[in-house]
Amino acid sequence: MPQVKIVARNFMDMVASLPTMKLDMLYDNSFICEAILRSLPPLAKKYVLQLLYIDKPISAKTMEEWVLPDGFSKHKVAIDRLIQLRVMTETYDRKKEATYQLNPKFQFNLQKHIVHGGVLPREPMPSNITVRLPSLEELEAYAAEQWECFLLHLISSSEAGKTTNMSSSMMKIFQRGLLSQRDDREPSRLTESGFQFLLMDTNAQLWYIIREYITNAEERGVDSADLIAFLLELSFHVTGKAYNINTLTDLQRSIIRDLSDLGLVKLQQGRKEGWFIPTKLATNLSISLADTTSRKQGFIVIETNFRLYAYSTSKLHCEILRLFARVEYQLPNLIVGAINKESFHVLSAVVIWMCGLQIISFLQQNAHPRVAERIPSVPENVTDQIRLWESDLNRVEMMPAHLYDEFPSKDVFEAACDFAREYGAFLWEDSKRMRLIVKADILNEMKEFLRRQKQ
Amino acid sequence: MTPVSSKLYADDVSLLMVLIDTNPYFWSSMNNNTSFTFSKFLSHVLAFLNSILLLNQMNQVVVIASGYNSCDYVFDSSTSSMQRAECLLEKLEDFVDKDESLSREESVDGVGFSLLSGSLSMALCYIQRVFRSGPLHPQPRILCLHGSPDGPGQYVAVMNSIFSAQRSMVPIDSCAIGSQHSAFLQQASYITGGVYLKPQVSDGLFQYLSTVFATDLHSRGFLQLPRPVGVDFRASCFCHKNTIDMGYICSVCLSIFCKHHKKCSTCGSNFGEARKQDPSASDQRR
Amino acid sequence: MADGGKVVKRAKYKSSVKVPGVPGVLKMTRERFYFMPNDPTLTTKLNVEFKLIKGHKFSKEGSSKQALLNLTQDQGGNYLFEFDSFPDRDQCRDFVASAIAACGEVGKATSEKPAVPHDEQLSATEMGRRIKLLQENSELQKLHRQLVIGGTLSEAEFWAARKKLLEQTENKKPKQRVALKNDMWSVKPLSDGQTNRVTFNLTPEVIHQIFAEKPAVRQAYLNFVPGKMSEKEFWTKYSRAEYLHSTKNIVAAFAEASEDEELAVFLKQDAMLASEARKKIRRVDPTLDMEADEGDDYMHLPDHGLPQVETKEILEPQYEPFKRSFSQYLNQHAAVVLRGRVIDVELGDTRSVAEAFTRTNQAELANDVSDENAYRERINKVTRVAEIEDLQGPRDPPVALLSIKDPRDYFDSQQANAMKALGDAETGIRQLKFSVSKEEAFCSLKDSISEINSQGLIEPIISPEVALKVFNGLSQNISSTKYHLGKNPHESVLDQLPSATKNELLLHWTSIQELLKHFWSSYPITTKYFYTKVTRLKDAMSQIYPKLQEMKESVQSDMRHQVSLLVQPMLQALDAAFAHYDADVQKRSAKSGERPNGFV
Amino acid sequence: MNNEEKRFNQEEEDEEEESGRGREAWERTYADERSWESLQEDESGLLRPIDNKSLSHAQYRRRLRTATAARIQKGLIRYLYIIIDFSRAAAEMDYKPSRMVVVARQVEAFIREFFDQNPLSQIGLVILKDGVAHCLTDLGGSPEAHIKALMGKLGTSGDASLQNGLDLVRDLLNQIPSYGHREVLILYSALSTCDPGDILETIQKCKVSKIRCSVIGLSAELYICKHLCQETGGMYFVALDEPHLKELVLEHAPPPPAIAEFAVANLIKMGFPQRAAEGVISICSCHKEAKVCGGYTCPRCKARICELPTECCICGLTLVSSPHLARSYHHLFPIRPFDDVSPLVLKDFHKLPKNCFGCQLSLLNPGNFPGPQVACPNCKQHFCLDCDIYIHESLHNCPGCESLRNAKTISDMEQ
């Protein structure tokens, strides 16, 4: 599945990739520990929990006692993960047996958390200072809008209504891999991964972007560890509460600004001081990709006659639909279109390689609630048809070849055919009209051969 | 591509229904006989609940107190504002008051039994509601932290609950606090595929909880949890109460007798004719 | 045509392969076979018992040779038959094979224990089935040889336990009588495109139906065949008539009929039906309400909305008899179906069927005149049906009431032994002696709650030492149970054993199972017969016992453990049986001869 | 006249065909589910889906009333034969994909439910085909065996003969001991029975041998079926559609009330085998394979059995474990049906509980006034409709009563 290379890797993979001493630093604040814990695979979580109050190293054997024969792979994964994240340290006792022990900082923090509860990274501002804060709904809307506009910029800056102040260099970085541009004259085209990116749900997209953001932090002269720390921290702020900007370092301020463009936070300026309001996007950051419950309300109804109704006001949706459907007309809150072979092939022209399943899953994930409860939410005949189209897209394979004709004589022709056959480059012959098609790669040999035939 | 649902919901998200035994007589007996007081118990349990909530922000914990005269919900993490188990303390206090007000007899000889069947039934109802809530719901399991002896009157009710749980594939874990094993819970865990455990070191309750009972259903596929000591499913006869491996069952009320009677002592029906089944018939039957 | 019981084939009986041989019919039953030459004047009739037949040879198939079957008699002589086709021959051959075997078996079975009661004389087919089973299932054969031939069980006993098996092998015709086909039979003329030749195919079933529905045809058949015309001619004529009808060209029909009076019989309306109908009218169920379907919307169509069969144009009177109404046909068919299968004869030969029908008809007509009980039957049927359900009260019979005295019993039956199992009943008792007043109980509870509430959880929740201790304890517990679980519970132990041992073991096992089944099923001992049987069984088992023992020793050391493990349960089972036997014997001797109640 | 009937509905089928033929298969599925019928117009003239929840609930309650009116004996030990009509008529397509398939599906579901509710009972399968009755499986306690056999034998042909079926079953049921409740459940597709003899006699015979015959028709009501059920004290219903059919079939899962004249009390000899000790190997007599530990040993003949409940295949002793008995106890102590809370009470809803006692679901409608709810006559607690159904169909005890010591004692006195 091509998807894997685009799907945003877990935040924690990035954390894990940090150098050890940075990691240990991270574990100083408890909410990072919490975040890390939550990101662990189930088995690992359980191990942490059962070692929570044990301060002696536990031999690997004892741990394995618990594992069932068919659970060993999982066990391995869990243990590796723990060690990788330095949550657990592996040491060898004098009997050369591996023993595990919890990272004391980590352990302490968790114990504290369990007994006293988590501490908030910073206190929200008292409501008397802040002018009326946006309600959660408004915040949602704001976040969605920001994010969408950002995406629009990403795929085609022309479509985007309002501009973002995200630096264009930054944009370029994000677009890298998603868009491909032969040269500046023609508009850049969506790559396969770009297409898949669009079909991913918001959190996945967010992850992808954030990852890009972090990975190239260094070249902006930002320490990725700090960045990660801050992002995690951010994710533990309470959605919709206002936090004073002055509590941030300059670096964090600059980050915040970028994030506000992505819709992770909303910036507001009061009389004397400004504050930022984390949105849901931000607070979801620490959630590992696996459990994103932020399900957007579906909006697409597709009928057995391939007509497609999308109850959406968003430009982005329209753009996405355009990718594979012929949009016929567009009402304020409704996009009507149809999927058909043509539009499909257009798509295949746009996207170098594409996956019908991708589209189907997109349709399923965004099915309108009324259709959603029907099984299947997308009619079989549509899904089947899409698969068929796809299959007959990659039915033909092209290869460069040369047509030879006007052979002087039958036997020369025959000889040529045989020659081509020997090289395994023979493609097609028309014996009575004496025409022959041969793969391009042996062109020279053919030339040479034919010349020899001449004499 | 992985199916939508699995992508959206982690497989270790779990709904934990905890039934805590708040039988005052039992606890005061514990206070007298052992060092393991109710407050200790509470702090262990609360810590455990907190850690469960910590493991996954979508984990859900519901606590039902099975008291001496009544049962009630004391905590539901999905409704409570803060994700901390300490919230249950106030409601627990109210509950105990209510429980006291309900009780009639001034004092009971012995420990008496808490209303396990009631809390079990409530827990199951709640779980059914979660099931109804849609395709994406946390994996429910029940954990009984029970100490009081089993209440004879409750047998049928408890069994019913157990079977209902089994039908909807909800495992019932049970941890017998106190010095006494519980036949109910043992059967419950055995039948529903849960874990039955009786801590040797009562002060280590938290360790037991976090090591054994914190395991989510997904991980149980890979882990070997304490297996129940062989549960003896032989019955014992109504007439002498001694265990039998062959007996006579009343076809009307299914009461068990160790030897042949003329009349059923339980439902009073007469065992009339047809006592002999002719061997030829029995022969044909196989 | 053949069923389990007999085979009938056309064949030539020859003294040697060269001679042409005498054409005739070879008929085989389980016990004997007959040969009837077609030409009755000839004297080469045969009637031989299979007992005398020792073996049979037959010619290779496929080759241009004739299909020969050669039955060799024990005292030299042999019977040589040539069949029309190899399939025929093979059928007979197989039959002969089983028949010969059967005679042998029966001989053995009966000769060995004539003493055994109700060893009923088996029908040949039954016998055949058993033989077949034995041939197919080698294991069963072993068992059979060991137990039946070995004299432990009687044939009957052996098979009684295997009714199911027998029924499975039983050829697919169940003993239930099948009703007449519900769907109407109509000869569909299958006409191949080019030639205007029309073919009808008549199966015995179809013929049977024709006879049932068309008395006249039946009558005609009895009159004409074989005297006037051959069977074939008859049916072609009939078919022709049917064809004419299907064309619905009455005039043509009339024309043809006037030439050929036999044909006319078919074409004319069925006179007998008419006569019967009149009688039938009297027998009509009075509750049958002709007006019932008044309202139904098909009433406005003529002829109950059945497809129009009659041609509408006016016909001269002389054509009248040739008109045939579909509804007539329909009703007749329905009547026949409802009457059910009145005759019960081999559908094979047409004549007997026809005769049977006539006989039954006559019978009906005869007793129909004064059919008292039929009349009464009709009356009480009226009373049963005439009532209008809506006016009747609910019919449900009274239900038995239940009164449980004390539900607690149900608990105790559990509690008692559960506690025993856990081995700490006494602690339970200890707990129960202890009393505290309501106030302090509840107070202490509330105090501890508020305590927590005020100064939070007790820290540390748990001391590292305790935690470690508990954890290790649990781990040990786990590892210990793991060990108990056995190395690989999945793969069968049997396969580890050397095949010889395995087979021997299994053989013993099966025989023991068989014996035990019979042993237990023959309790309670009600008759002398069972008594003897049980003793017989017991002896047999006690013979096996030592065998098992020595087997245990015999196997080499590495396997011995498993084998002994496997053998152990068998021995236990046997012991249980013996113990039960002795106990029963004592009981019987104690209350001398008085039958024990149903519970052994 | 069965032919006529046959013809007529034949023609109807044809018309169906006509109308159906125009469309593609996938279109027809839409036409068949009749989505437009699940709409209704509200007072403001808007179309909205019918909430048939309350409707079905009312229906369910009616059933409940009749079911557990008084404390009565139930046929706890049942010997049930399911006669399935796989005649030509079962090939009709009015149920999708065909009657046969639908029936098979329902029977499977039924068998599982049946053994869940009556662990001590046995089922046998009989199929009507080609005018005769084939005994598919004979009485047995393992659901899988039956289901496997059934799924193997799908396929329709010939006529259905009620008489043959009944005769066959009667012979089989006459062999079973007297305390067992003899039942027949007939799933009948055909519109006619095509019998070799007089079926009325057969029906009388069934009545004599105390066989309770119930019929579920798939096409239309037949007099003969109705007569049969009336005579033998069974139930006769005709299914409207698949869900209805399912409902009707599952209604036979709980044990029927024991009819006074039929009921024969008796003591049944049963064995309570112990689980085999750890590490014991032995050949089990049911599958003839060596089993390492696990499995049970017959207390009488020491044969090894794999699972319970069953009949020892050596000595024929019925083997159960105490939980299996316990499974049936709830039939002995049924809970009272809950009462609907009358609108009058709902008027002053301030003193009513806000949440369902069972599942804590809010009982208030969006309009913040109480929605439909029921109350236990014994403990007076209020429940939501879903809990009501769950409590009576699966749980079998009232959380309210169970969680009130005093209320409990009251109910005990009543017992």
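Going in written order, the chains are labelled A, B, C and D, and every chain counts its residues from 1.
The criterion applied here is as follows: a contact is a pair of C-beta atoms (placed from the backbone, for glycine too) under 8 Å apart; a residue touches a chain by one contact, two chains touch by 3 or more.
For reference, the UniProt names are A = RNA polymerase II transcription factor B subunit 2; B = General transcription and DNA repair factor IIH subunit TFB4; C = RNA polymerase II transcription factor B subunit 1-1; D = General transcription factor IIH subunit.
Source: prediction; values computed, not measured.
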Central subunit by CA centre of mass proxy: D
Chain pair, C-D or B-C, that carries the greater number of C-beta contacts: B-C
Between subunit D and subunit C, distance of the C-alpha-averaged centres to the nearest whole Å: 27
Rounded Å distance between subunit A and subunit D, as computed from the means of their C-alpha atoms: 50
Approximate Å spacing (C-alpha centroids) for the pair subunit B, subunit C: 49
Cα-centroid distance, subunit A relative to subunit B, in whole angstrom: 44
Multi-partner residues of subunit A (each touching 2 or more other chains): 50, 53, 65-66, 114-115
For subunit B, residues that touch 2 or more chains besides their own: 47, 86, 103, 153-156, 187, 206-207, 211, 224-225, 230, 232, 234-235, 248, 252-253, 256, 260, 267, 275, 277, 282, 284, 286
Contacts with 2+ other chains: residues of subunit D: 73, 258, 263, 269, 300, 313, 316, 322, 326, 329, 332-333, 412
Contacting residues of subunit D [partner subunit B, same complex]: 73, 76-77, 116, 120, 139, 175-180, 258, 263-275, 299-300, 311, 313, 316-317, 321-323, 325-330, 332-333, 356-361, 386-387, 390-391, 394-399, 402-406, 408, 412
Residue ranges of subunit B in contact with subunit C within the complex: 22, 24-25, 27-29, 31-32, 37-40, 42-44, 46-47, 86, 89-90, 92-93, 96-97, 99-100, 103, 105-111, 149-150, 152-156, 178-181, 183, 186-187, 199-201, 203-208, 211-212, 224-227, 229-232, 234-238, 241-243, 248, 252-253, 255-256, 260, 265-268, 275-279, 282-284, 286
In the complex with subunit C, residue positions of subunit A that touch it: 50, 53-56, 58, 62, 65-66, 111, 114-116
Parts of subunit C lying in touch with subunit D, wherever the complex brings them together: 164, 174, 176-184, 298, 304-306, 330-331, 333-334, 337, 340-341, 381, 389, 395-404, 407, 410, 413-414, 484, 486, 489, 492-494, 506, 509-510, 513, 516-517, 520-521, 562, 565-566, 568-570, 572-573, 575-577, 580, 599
Complex contact set, residues of subunit C against subunit B: 160-161, 163, 402-422, 424, 427-428, 431-438, 440-442, 444-446, 448-453, 456-458, 461-463, 466-467, 469-471, 473-474, 477-478, 481-482, 517, 521-524, 526, 530, 597-599
